[in-house]
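Going by the order they are written in, the chains are A, B, C and D; count residues from 1 in each one.
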């Protein structure tokens, strides 16, 4: 079953989550204006899957039977799948800025690997549970949010050392039918308007952190779960001409004795596997982020080029602007290339799914994390300073200034002021607004901080193989002086002559 | 006479400018909440001048008589003055983010130079007029806004070629008592809440642009002047914990047959001097910008360090964070150093004022223009992603979540959630908000685009002197082979052997 | 027929080119010590093709018959071929620093495309000639040098405007059997020790430059051809522990009435196709350069890690060094990813070969061109300053200092001084020597300057498609205010409300 | 007494140091061709002091009596002195690339501070000894080399933990008349051709490293001292048209039971003062380095501009090249500005000398350390690739190619090939040679590694003052919501409302 965007929105009515936005209790997520931009953005991933033009990218095989499901809830089995998910992510983000739903895919693939590995290591039925859960998600065409980053409390302490154990989600009780969990996940993208949350551990756990090694799925309206969210995008703001239509929320999710039945528990105390899950998820997700931010970059490139024209300038004639545009293109395609390369050299997992190659995935994510700021700068350079000096949309309807402004703030003669203002406001919204600030921070820290990516690059890079290249040159005498060149053969150094 | 901040605010009531903000006509600027943050920020420059602790930086001699005036409306006569203005600008921006009033000083110094030069070149009384005007400004302790950047229209065309001549301010009529001007200035910082606007040409003018070569002063409530402004900062937003107190507006100023009496006209048709004024103002202003953005940077450094602590981390122990903090310091002090160096090697003008050294001034401004984005990034790196995931202030008063959040979102045990949230929101406001977006674009394009600064660096740099260094090495034979080394002296190259 | 390295060296004896190195006429290229490092490096590409371990990368199908040839003289038909050539280039450069012979492949593929296109456009037998020539090269396992960059003379003038027409290679006479060419190619890598030169035009030609639109092949000992070369690497230098074994020469090739028979002429006056050839070759070559410099980067990574150990330090414990190493890895793999991505999305040519995707190819080359300097810096950061302070190899044999130095300059106890010195000298040779300087300049300017790559990125990037994304958002009303939000529907702006 | 360059060279004959260069014992330093470029470069500092045109920069007051001495052996007492030393360093390096002798000044100033502090702390006559020594140096117009960086051995171990204690210089015996020292200093610039070595500890020492806390002066021919040096520059190389005239050597200095009389001992066992000395010297020296590398940068700027012209291009018309040149200027003047700023805000020492402000000094040095690589790149970008493809000087005298090359490799018509080649070879020598590699590594690691500078920036930066800025905003309620805005005043948060 594939839902449309409208059906997805309707499907949310079946849930009664406890959600607060800006201090207000939300009666109906589906009808809440402050969450509408988020629902719109995820809706695009539903509609695209129904559009035959996008079928090759948007659809993937069901995990267990014939038929196709949305790629954002499918498993990746090979290099082509990875390329397709990268491209589909870019495609949906070209429309929405950030389509969010790809997180479901990242989490499900990682959980698939984990449960397969757990069963191999400790026996059990984890993998069968996960398969059943995945089938449910695919059959119902659900969206699954990922609840991973804990609140962390005092960051210099491990989970079990925290003053307040609820700084991390953990098991607080075990019952015949399942477990009780409590604690806080802090940066949960799109939480209010997903169907389920997949709870994953946010870091490697040690033996003392055993209770914190918990992975499980809970419906969004599980008893004891409170979701405290920011508005998605900038709904209701006239200035936010894009982000009042498409946006993303991040929420704090507080679990208070939430009961999870065993068939939705995928890790529970096997702390030594928690790092595997964390790293595996990170690899999947960092790879996907690359596609997402490339889609965002495409909007900047397009809007920047349009702004140049509206200003009466020309990229072909103005080399300063052209070089700046090329720099923007280089940035976007430079990190996107890492996503492509990671797709070409995947790591096969015994569970049957593939992970993107980790070094390229982490480099791509690291590049975009820091370069999102450069992307903003480059878009500003080509656009000119007017984009923060133009009067806002409220001025458009002021009869005392409307005609005046249209007259004096037009740029190129054949592009009316309204068009110019529209492009300027679009760029402002994407790059110089609350929503832009959110995007830069999420790009920087989402999926792990730059330091985490650097650590992973080092951990996964074959430095020893590179040392062998030099050692081989040494051993083969390439880096050694010929004895024939030596003035005192045999009398000086033992090493250094061959 | 030195006014206090309160007196400055009151003084605005004497003017009745035609101002619109977000489509609304503003009845009283002094009482308009959407402009209050701007008035607050400029107010700081008044109060500091009354504070004996700041006297050395805040006060400077009156232009024509004994007594002291606010440095931001004084002339700079030597290297010490330039250092003092740089430091005073930094000081006031450490409180306000951007104190704006230094623009008065930049414009008045440039106009002082221009009028002196004009009189020398074409005779006349321009300089006497300017002196009288300056005395008036100093005697009344006024704030003068700078109206320089024209709307520009089609940017590939010169002023006189524009379809709509009102894309640039220009003279449309001459009368015995003065001139009539029309046209549009597009990015006028702080316009609604200044006393006077100093209108300056925004570019070099050619003979055909003669009518566009106009510099003059007009009171803010001149007949025919319409000011269409954005709100200053983010007044009224609970999230904007800093920018609802201090902020800056930029306005579009439309002149429609505004009459300017001759005694306030400082350039009128002498198009060949327009470039001098433009460059001179740019040099003064770019130098000042360096101090302003360093003050902003100080706030980031301080808040970043506090956020690290609130997160339970420690700059001494965490080398990743420390290196990032050092990078932020290096950035801020790196461009500030250019401001200091420009102060040390000033250019003396025949009029008696000094210009900051232009190469250092332009390099400093160019660095900050592009590095403001890096500053945002570095502040985000040290702060962590939570600053865009924390619930907003409206949540603070929600009895259903208040205690819960305070409990689970605390970081270091001895720093209460409220303090942590306050720092996080401060950083968000400075770096990830509409106000932050405004700041980055104004940093990038204010005082001229990066391309303009590069052109000026090249124009002012003594490249020929550097060529002479190499030529001298050549001529002295340093770069020449000794003839004694030559196998065939005299038989081969004539050059190349000495 | 596949030759071994030894057979390749012997095969050079069949040619009698007119070669000068450092002012000396070279009697036998195969025996000249100053060219030996170049012959060694190309020899590696021969030996690897005979090594079954490398067969998958090193061999490719013959153009016209069964059997396999060296990949560096083969055509690329699909994405897998492009990946294989990228990897084989990296592999051979991991041994040699730069294996040079891949240039043959780049030139032959471009000429294959050109001649196919020429025949389609103007009729003729160009493509058949090229096929025959290619078969000859493949059958004989030759190495073909690329003579493309002209001397250029006054760079502000086009070829036909030059004071001295010999600043560019051009046709000076036509005879029944062929053409006579004269002029100068200025940066011809490996010229003295190749079998043939493939002469290609170095820029787009106009109608007035018709005679300069010449592509053809000449044997290295063609009458009238003079090759004035630098030494390959740093032969004979004890300090050059790597570059006295492997190196590259660049030569100036002066053509003086060189006769080329028609069957080796592949472009002759069809100036309007010259740009196609130039761009096509550039795309092939820039892609290959990516693999080459990644191989060089691998040597830096390995040697840097070994130097850290020899210094007694540890990348796991020293986060400064580890971050620096990660930065080096990020740089190398970051541009390599562009090569991979360019392989994944090739452009099919009607001639049957594929071109790597041009945007990724140019971005990768642009990145390496500028980042080679960063690679040197990063290698220096991890290695420490000792690598330019250690006494040189001549000191190793000084009985008065040998024991002393071995004793006091050892680092980690279990790594003898000789080993430490060897790694230090290797890094010095690769990054801080004449050879390193050559490498950086060739990386920067080889295959076109950064400006050329930026122009090509802009030319090939689908900016219009990106504008359409924004236009579509506009047309679909995403970027438009809802009419329902408007206070005065129908009364204000026509645009801006839907 | 001020010596001329010739007298300085002669003065070296009075010393009989034990020096090896490339394995050869050097009989007479003054006559050794491999050291001549170093002697030439230091000679410039002598001749400039005799040139009245340079008097203001080159001369400074004698420490104890009337008369003037070379600034490079003088104390700095105020901001003007610091500016003068910065400018004089730049001036001498514009001629020599690196004039080396400024190290004397850096070491003597630091020792002056140290001994004053030592006497204050522990009593004694250290300062009187230093004053006497300084008078001797000034009276004789000597050059003093700085022997600071120890060989270090295993870098993860402290001095006293080393397997071989001679990895660091330390006291091995005490006698009535003085101390005996042994050990190794590893990167001693200009050692063979100075008069004296000032031995300083290379790091902070702990109680266990007490014997390693030694500062003292030794004549260059002290018994037991062996100097193993590299050639200075690239003497004897025809290609090295600059570095065969001016160059620098770095030497390993091995001390074997060298006796130092007490009157030349300036620190001996007071380990807790060793860090002060190290940091103080580092601050003086990093500041000076800024001037040195700016002088080197001036040569690149000049030569780059000349190469552009020789190529027939024009910086005014070619915006790519101009932007690159501006980038080079921005880099050089950007770090130089830090040197100026450090001079403006010096730290006064109780001893009467001033230290340059440490944050600016370290930032400037850190910038040049990493940007020397960018400087090379930018010089290469403006120059074009020909500079490593032009035939070398040996080719100039080849009658078979000379006329040919002059004809085809000329660029702009009015600039003969010889001139073009001369500029190209100059740039190659400065940026793409062994000498260039040395310069980049010494820039990076000389005066401490980048990590050391980052640590010092953090240590000296007033982070707490910046935190106070934010705390003050908090305390004054700027960052606090007005209670009047609160829906439930008094009922919710205690904090957060004022």
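Keep this in mind: a residue touches a chain if its C-beta (ideal position, glycine included) is under 8 Å from a C-beta of that chain, and two chains touch if they have at least 3 such contacts.
Fair warning: this is a prediction, and the values are worked out from it, not measured in the lab.
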Quiz prompt | Other chains in touch with both subunit A and subunit B | solution = C, D
Exercise. Find the chain most remote from subunit A, comparing centres computed as mean CA coordinates.
Key: D
Quiz item: Measuring from the mean C-alpha position of subunit B to the mean C-alpha position of subunit C, what distance in angstrom results?
Solution: 47
Exercise. Would you kindly tell me how far, in whole Å, the mean C-alpha position of subunit C lies from that of subunit A?
Key: 36
Exercise. Would you give the residues of subunit B that are in contact with at least 2 other chains, written as numbers and ranges?
Key: 320, 323, 396-397
Practice problem: State the interface residues of subunit D toward subunit A in the complex, per the touch definition above. | Solution: 319-320, 323
Quiz item: Considering the complex alone, what residue numbers of subunit C touch subunit D?
Solution: 20, 22-25, 149, 151-157, 163-164, 166-167, 183-184, 186-187, 226, 228-230, 239, 250-252, 254, 311-314, 317, 320, 370, 373-374, 376-377, 380-381, 384-392, 394-398, 400-401, 404-405, 407-413, 428, 431-434, 436-438, 440-442, 444-446, 449-451
Self-check item: In the complex, subunit A residues that touch subunit C
Solution: 83, 94-95, 238, 241-242, 245-246, 298-299, 301-303, 305-306, 315, 322-323, 325-326, 329-330, 333-334, 336-338, 340-345, 359-360, 363-364, 366-367, 393, 396-397, 399, 402, 416, 418-419, 421-423, 425-426, 454, 457-458, 461, 463, 465-471, 473-474, 478-481, 485-488, 492-493, 495-496
